[in-house]
Amino acid sequence: MMLKMQTIKFPTIFFITEEEINLNDLLAKITLPTTGAAAIFTGMVRGVTSRDDPHETAYLEYEAYVPMAEAKMRQVAEEIRSKWSSVEGIAIVQRVGKLYPQTPTVLIACTAAHRDTGVFEAARYGIDRLKEIVPIWKKEVGPDGEFWVEGEYIPKAGE
Amino acid sequence: MAAGQAMWSMNKIKVLFFATLRDRTGMKSVELEVPAGMTVQALKDKLSSDYPNLKESMKTILVSVNKEYSFDEAAIPQNAEVALFPPVSGG
Amino acid sequence: MMLKMQTIKFPTIFFITEEEINLNDLLAKITLPTTGAAAIFTGMVRGVTSRDDPHETAYLEYEAYVPMAEAKMRQVAEEIRSKWSSVEGIAIVQRVGKLYPQTPTVLIACTAAHRDTGVFEAARYGIDRLKEIVPIWKKEVGPDGEFWVEGEYIPKAGE
Amino acid sequence: MAAGQAMWSMNKIKVLFFATLRDRTGMKSVELEVPAGMTVQALKDKLSSDYPNLKESMKTILVSVNKEYSFDEAAIPQNAEVALFPPVSGG
């Protein structure tokens, strides 16, 4: 059987938003006719944290250096593509503003033809890299007051 | 004298502050005139001296120039958008 | 700081449906106050398949032995919990009926407090096991006619 | 005679067919009376003989009894819901 060869542009979506993250819409936008699998990571605000320093959180206030954050999200997507050529669509979204417990704050989604060609690993890599190099910060507000959460990663030249 | 002019020429730059650094300076951004060829390190030194509150952040501060991470030895170009911020904590 | 001890029942959702799979709703249902991370897998109908036996697909027609399928989905969820005690919420959903390319057909979602305690591996395990033991079948319809897709896995006693 | 009655007693069972097996038998389900204690293997033999189309599926057929996977030596209980189907292909 002959398959028509097509030039398909793989969709890459990345943005900072103050709106709710709509998983259904984002997934549809990165699903191609050749797509059979998607791995999606979302992070949420925890109201109750047990590990390390147990505490409660009333809300988080996120801010981003938007133009650089979007440029670095694009870079994360390019890194994913260079590591997993099987990846078809990529969506990277960070919500900012005042976000309450149980609210999704971030999404990384990768699609591929099949589930066994790295799509889970690609999504995992995406969230790890976002937390390393994308300029976003959060201030935590809870019963003990408010404080900025600081990351630990120091980017190297070329990152 | 071309060399003399170059030594004395000034660059306009914009410096943005985020998260803890905005809180410490009380500013979202400032426009500065700095000597052409000023390095990131020299800018950090100048800002530490202008805003003493910044000093204790300076060890772990990250710097971007025109939306790319930049490092102490890099020279800051004319009309650069420089940003100073703590290690990121998105997600 | 004292944290009130609470008896939290971890939500486990599993069902066969003919309706669209709503990722936003399902994610909300398995997000607890302690949840900070979700890994979600979805599978879609491929209109164009390149690997192995390249072909085009007009649609897939899914059927399930519903009561046994739901019992086996519950079993998959229990297996996940026994392997990853960090998992908080689990959703396992299979859509059945006539499903066209680019449509999500299946969802496995696992939530946890943190992303580094097995939530990706748990979702991956869930879809692998669903494809082994949950009694669902699909008939593929395309330009070359229609044929039932048969799996390969033979369950063992106790599965 | 209790032993004699047991030997001759019959169980009612329901047999469901899915996917290719439904196509081969032309039936979604059938209710049968089978000897008490009939094994899964004996039921497969009986069905192969009643529905010759099933024969070529029998090697890879899966069987469930009351919604749990079951195997050739297992005895089928009274009022069992038995299902026959090919290896699953969901997802």
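Structure notes:
The chains carry the letters A, B, C and D, assigned in the order they are written, with residues numbered from 1 in each.
Basically, a contact is a pair of C-beta atoms (placed from the backbone, for glycine too) under 8 Å apart; a residue touches a chain by one contact, two chains touch by 3 or more.
Computed from a predicted model, the values in this text were never measured in an experiment.
Between chain C and chain D the centroid-to-centroid distance comes to 28 Å (mean Cα coordinates, whole Å).
Chain B and chain D have Cα centroids separated by 78 Å. Averaged C-alpha coordinates give centres for chain B and chain C that are 50 Å from one another. Among the residues of chain C, those in touch with two or more other chains are 43, 127. Among the residues of chain B, none is in touch with two or more other chains. Viewed as a network of touching protein chains, the structure reduces to a simple linear path.
Inter-chain contacts, as defined above, occur between A-B, A-C, C-D. Those residues of chain D lying in contact with chain C across their complex are 16, 18-20, 23, 60, 62, 64, 67-69, 71, 83, 85-91. By the touch criterion given at the top, residues 1, 3, 22-24, 27-28, 31-51, 54-56, 101-102, 104, 111, 113-115, 120, 123-124, 127, 143-144 of chain C touch chain A in their complex. Interface residues of chain A facing chain B in the complex, by the touch rule stated above, are 43, 62-65, 67-69, 71, 94, 105-106, 127, 130-139, 148-157, 159.
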